[in-house]
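Have a look at these structures, which come just after this line.
In the two assemblies presented below, chain A is common to both, partnered first by chain B and then by chain C.
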Partner chain A sequence: MTKKQHNFSLRDFLFTYGFLLVLLLVIVYFSVTAPSFFSMNAAMSILHTAAPLLIIASGLAFVIMTKRIDISVGSIAYLSAAIGALMISRMGLPIPLAVVSMLVLSCLMGVLNGFFVVILNVNPMIATFGTQLAFRGIGLLLTNSMVVSLPRSIRFLGNKKVGPIYIDILFSLFILLIMMLIHSRTQFGRQVVAIGNDISIAEKLGIKEKRISFFAYVVCGLMAGIGAIIMSLQVGSVTPTSGTSYEFTAIAMLVIGGVSLYGGEGTILPGVLIGGITLAVIETGLNYIGASVYVYSFVRGGVIFVSMFADSLKTQVKPKVKIMEDEPTTVSNAQ
Partner chain B sequence: MKKKILVTLLLVVVLSMLAAFAPAGEEKTVKVCVSWNEKVHSLIQAWQDYMEMYAKELEPTTGIKYEWIVNVANGDANLQNNNIQDCINQKVDYIVARAQDSGTIGASIKAAEEAGIPFITFDRASTSGDPTAHVGEDGYLQARSTAEAFAKLLKDNGIEGKCIELQGDLLDNTAVLRHKAWAEVEKELGAWTTVAEVPTEWKPEKFYQGALNALQANPDANCMYVASDFAFSSVENALSAVDKDAPTGDPKHIWIAADDINPMGYEAMVNGIIDVGTTWEAYSVSVLLVDTLNKMVNGEPYEKVNLISGRLATPENVQTLEYLYSTDPKYAD
Partner chain C sequence: MTIPYLKMDGIAKSFPGVQALKNVTFEASQGEILALVGANGAGKSTLMNVLGGNIEPNSGKIYINGKEVRISSPSDAAANGIAFVHQEMAMLPTMSIADTMYISSFPYKHGLIDYKTIYQRCRVVLKRLGCNFDPRERIRNISPGDQQMVEIGRALLHDPQIIIFDEPTSSLTSREKDHLFEVIRTLKQEGSVIIYISHFLDEVFSLCDRVMVLRNGETAGGGLVSEYTNRDIVKMMIGEKEIDTYYERSEHRAGEEIMRVKGIYRSGVINDISFSLRKGEVVGLWGQLGSGRTEVARALVGLDPIDGGTISIKMGDQMMPVKQSETKKYIGMITENRREEGLLLPMSVCNNMSLANLTNLTKKKPFSSVIDSKLENSETDKYVKRMDIKISSQAQRVETLSGGNQQKVIIGRWLQKNPPIYIMDEPTRGLDVGAKADIRRIISDLAEQGAGILVISSEIEEIMSVSDRYLVMKRGSIVAEFGSNASKEDLVATATGAASKKE
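The block that comes next holds the complex of A and B.
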């Protein structure tokens, strides 16, 4: 057990709760500058537009917690969405069959990433950069680089609401809840954290590092596939640019939400959710205040840089900082 | 004597036949590298198909056989420069490129010039180098044609416009020109006020999110300018989310001007969702490119800038426009 610290430290407080403070500050700023921003409509819109990436980021979190990375999630989302759309629109196959195929295919892409990174020991950045290009290439080949529209009969699902709440918000929160339970309440989740904390200690404790890390990639692929379904329904089509740069947005969400790129730290709830909402709030807020189109990239880049810098600083003072956790996770809980 | 006349006549007939059936000149094979920045929608495939088809049609009369070397940069300006360098290394005769970034294509133009290869910018003009020629449509005139017709439409219907502008990727010169034309007509004719400018980077997700946010932030908005309708399903979904996906005549209708008349835009215009737009021509521009290439190959004088104007489309005339690639089932989304 970690001994609790009773002396208040501003530095520790900022590192632990800093991302919540950032979110609050951003909300306050846009609420003051854009009169209609602080409203139920805007809140729903923020969660709605963040929904696909929240799911994708929750899968990616497992890989990053093992101190690895997967920069192919955007391409996994694109390829599975493209195949699903082709099956429905061009081949006229039943929607459930297309959905199942998308999910199976995205798992297989995760298997492939796991094989390259964990079994063949290829550097995760290089391996998933390769698969990022390859998966997108296959998608472009299959679609002939064209837009594939979804039938009008199912497009409405992307906007379907229960009361004032979009269905995809409820769905993404449900997925996050499941992912949180997997992360904090299952052996697999605890082992992922243990591997990220210290791989050699994890192995000494008997954790099958390769197997767990491999499955982290499969989970990541599956989540990219689920995110792809929501993404396609929202826009009503799949284009060759669908999912482009999702990997970096998802990584930014994770870092803002306190998932360390150095592995072993972070939470799905509230971490990933808060990270995702923070980015979506910024994007939506800029829309609301009618910001110059040139401001968007600058703000996005600035937020990502500050988050990465904070993550780096946090790692340097790690022993003193308690990360907000779903449940306390220690190496001793790993088995 | 009779025999001589007969032989002479026979000779004349044979020579005439040879003259009639012989090719105009010796057949030339010309290698053209076509560098697409990306293939985000079917218009690009249509351009490619039409230029190959038209060149093939002309082959018997011109004696010019084109060999097309096509590459796609998937939206990456650096990759496009590399692709073009590959073409230079292969010693192609001409390079045709649709720039990903008008501001960086100049490096490729310079490299081609140094290798003695004529360079034609296609569709998107360069802002960073001087190509041998440019072929395309005038993005400024296109957007201006749409904006002027839209202003008239709003005035005719007594609408004081409060518009949302969904802009393209501002690295793309065409997107910049469309924004410029929209802003100028707004200032000149005063038919609307732009209440929100939304950047989309030509990404469907951003069309959707941006349109949805702008519609919610500006509930009194009654009109919209969509810089390109290639991913119009995103805009329709956003309209649907705020219960404003309604055709002309319906009280919920948002007046929409959208350029290009791509397949999704065509469908939306036929359904009365889009009120006015100007075509981004596939066939005419491809024809213009091949004609320009032919002139270059034959050493004939050619125009340095070759631009055509799009045609104004409305729900009333869109189904009657000829050579509209959106109506070709081959390019249906």
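The block that comes next holds the complex of A and C.
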């Protein structure tokens, strides 16, 4: 019964490995134009830049795989980082306690998003746009729009290396590994993908759609909180603009890495990792060739657009399965 | 006498407005394939959904192996060894075969899904179905026939004793169908109770041992398949009574040809559809649900794509081929779901009715892009009166109207535009008797005035009351054509495939 197709299709190949190809092309391009680009140092700084966003994106991936979206992750990161920093520097709370409260808080923000989107059925884009504004507003209020510095005792962690590797790179790879296991080897992860395929079919198959989707938002919030820790350690402080536009960078990472905005598609490893690295390579590369800062936004916009366009193409061309094999098609074509 | 393995006793179920099942008793034994047949809406699906735990009956008992069981949810059904292979496959295209089969509960080992065991189990179950799939293959890479096997495989995971197949062949090729039949026969030999729901009597005769016929929610008869002829079963399905006199048929005079369809097809959906339509003629397109009748209608007006074939429409003195995207200029289409596809519910009666005709309702130059609301109102008024639509004012919102009046609004919309051809898909679905008669009268009037009309309906009495000619569809093809003297039996027999076997 099974027919293995051995004929090579360029289109299928591009859709499966396209993002790897793009990454290679980008690396080659920058290595040629800026010879110093192809080095261990550059590679480390690329991963270092990408580290907090990789974590945030891996949480957002679960929401996007259910065919929904969360554009409040940047604000969740900011608000939980701001509160954590305030707890340490103003209230003098012990650092582990502050970190735990930060994470609990980010989960609660995810709960709020899940409540709006899954329970109240508010359009995900609008609901999380609202919380995006609200969370940042609360953060600005609490900090009086001021920079909150972290104490010297922990600031060094953000740029600490083990051998040639920053520890935050190791940490984020570790988180990605766990997220990959949750995605591909737990019932929750599999059911998230099933929901992204088709909500009504998922429900018909006995999946508790609301519970799983709600939980996906909580996971997304938690990851934004964990990402916030690395984000603030890298800078040594929390500024009023921390985390701004992280949501779109994270979405771009996911889409470049093959996580479809149409749901049910994509992997954490290697998908999200490669997507994240590609985007970071482009930005670091622009830096190396001395491009103007204003070019960054333009290029990032272009990359997001192209990857989303590719995503939409991918979902349009479904593999054509022929049904009526016995029917000879002798009918003339329409003009 | 042995006790039947499964017995459903005195099952009754009513939905608001309909008594779907009236005291149905049903028995099935191990090692036999029981066919459950009946016309559309006879209660087959309701009965099986009771057994599958999807619907709770108002009364009645279910016995398995002589013991009474309570089935109030699909998981109760599964616990009692009942598996349901639904007509609509529940597939997850981006996921693997194994994931699709296990998605509702995965076995775990060391805190992670135990794929090793899953893949093994999948291979064993699929092998039983004669398939050598790699369980890691993604669903979207396998054909619908293979997906059907995965669907059955999922049902077999928990070793059911009773397996219900609901129209399993509707999306299969004939080769895949043969394979499925072999699988079903194997399951029967292994001692399962098999219940096979089908529209197609030819399948019943080639596969099943016993047959049970439902009609209007009641048992109409049944017994060993070998003791019946096709015609016997058709008679049980439609009953003995003649068409009600209340459905008065009207004769129209057919004029010249106005539309000719030649060999339109769409791979996997409709094949080689050819027919012609004449002025002043009502043609009934009849077939079972899923036979492709709606798909033909949608293809004709460009709502669904076609892979080939031509549509010609009379223009002036000549038949001119028309591009599929242009046909809607000449054809008024009344879709089967008026609320979703026909009406703008929150808008007014007037706005809804003038929608297709706005280009003719504009002010004089130079304001020719502005709608003349006086003209719009007076035109609307004309058709509201002509069709006797009950509204409080033209500004009334369409969603507040009754079904019959909503349908009239849609028809009125096309009347304003006055196309030469109409296609009406289930024009009276969900309407009360009075409204149905009104719509039928409108169809008749339109034909009198020279329009060519293609009518699709699930209700055979209805299609017989308005049509001058019939085209019968089965599995995406037109299989027969009848004149106005066709009998109800002819139509049902050809649509179910029973006629092909008569001697």
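To be clear about the criterion, the second predicted complex is superposed on the first by the 312 of 335 C-alpha atoms of A that agree within 3 Å, B and C clash if a C-alpha of one lies under 4 Å from a C-alpha of the other, contacts with A are read in each partner's own complex, and residues count from 1 in each chain.
Keep in mind that, in the parts below, a contact is a pair of C-beta atoms (placed from the backbone, for glycine too) under 8 Å apart; a residue touches a chain by one contact, two chains touch by 3 or more.
Because the structure is predicted, anything quoted here is derived from the model rather than measured.
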Which of chain B and chain C A:33 touches, first, second, both or neither: neither
Touched partner set for A:194, first chain B, second chain C, both or neither: second
Which superposed partner A:288 touches (first chain B, second chain C, both, neither): first
Chain B versus chain C as contact partner of A:158, first or second or both or neither: first
Partner chain in contact with A:121 - chain B first, chain C second, else both or neither: neither
Chain A - residues contacting chain B, complex: 34, 36-37, 39, 41-42, 45, 48-49, 136, 140, 144-150, 155-156, 158-159, 231, 234-237, 239-242, 244, 283-284, 287-288, 290, 292-294, 296
Touching residues (chain side chain C, partner chain A) in the complex: 74-75, 90-95, 99, 103-106, 108, 112-113, 115, 130-134, 137, 140-146, 149, 171, 173-175, 179, 263-265, 267-268, 271-272, 306-310, 321, 323-324, 476
Of chain B, residues touching chain A in the complex: 38-42, 44-45, 72, 74-75, 167, 170, 195-199, 202-205, 207-210, 212-214, 216-217, 219, 230-231, 233-234, 236-237, 240-241, 263-264, 331, 333
Contacting residues of chain A [partner chain C, same complex]: 1-2, 181, 185-187, 190-191, 193-194, 196-198, 201-202, 204-207, 264-265, 318-319, 321-327, 329, 331-335
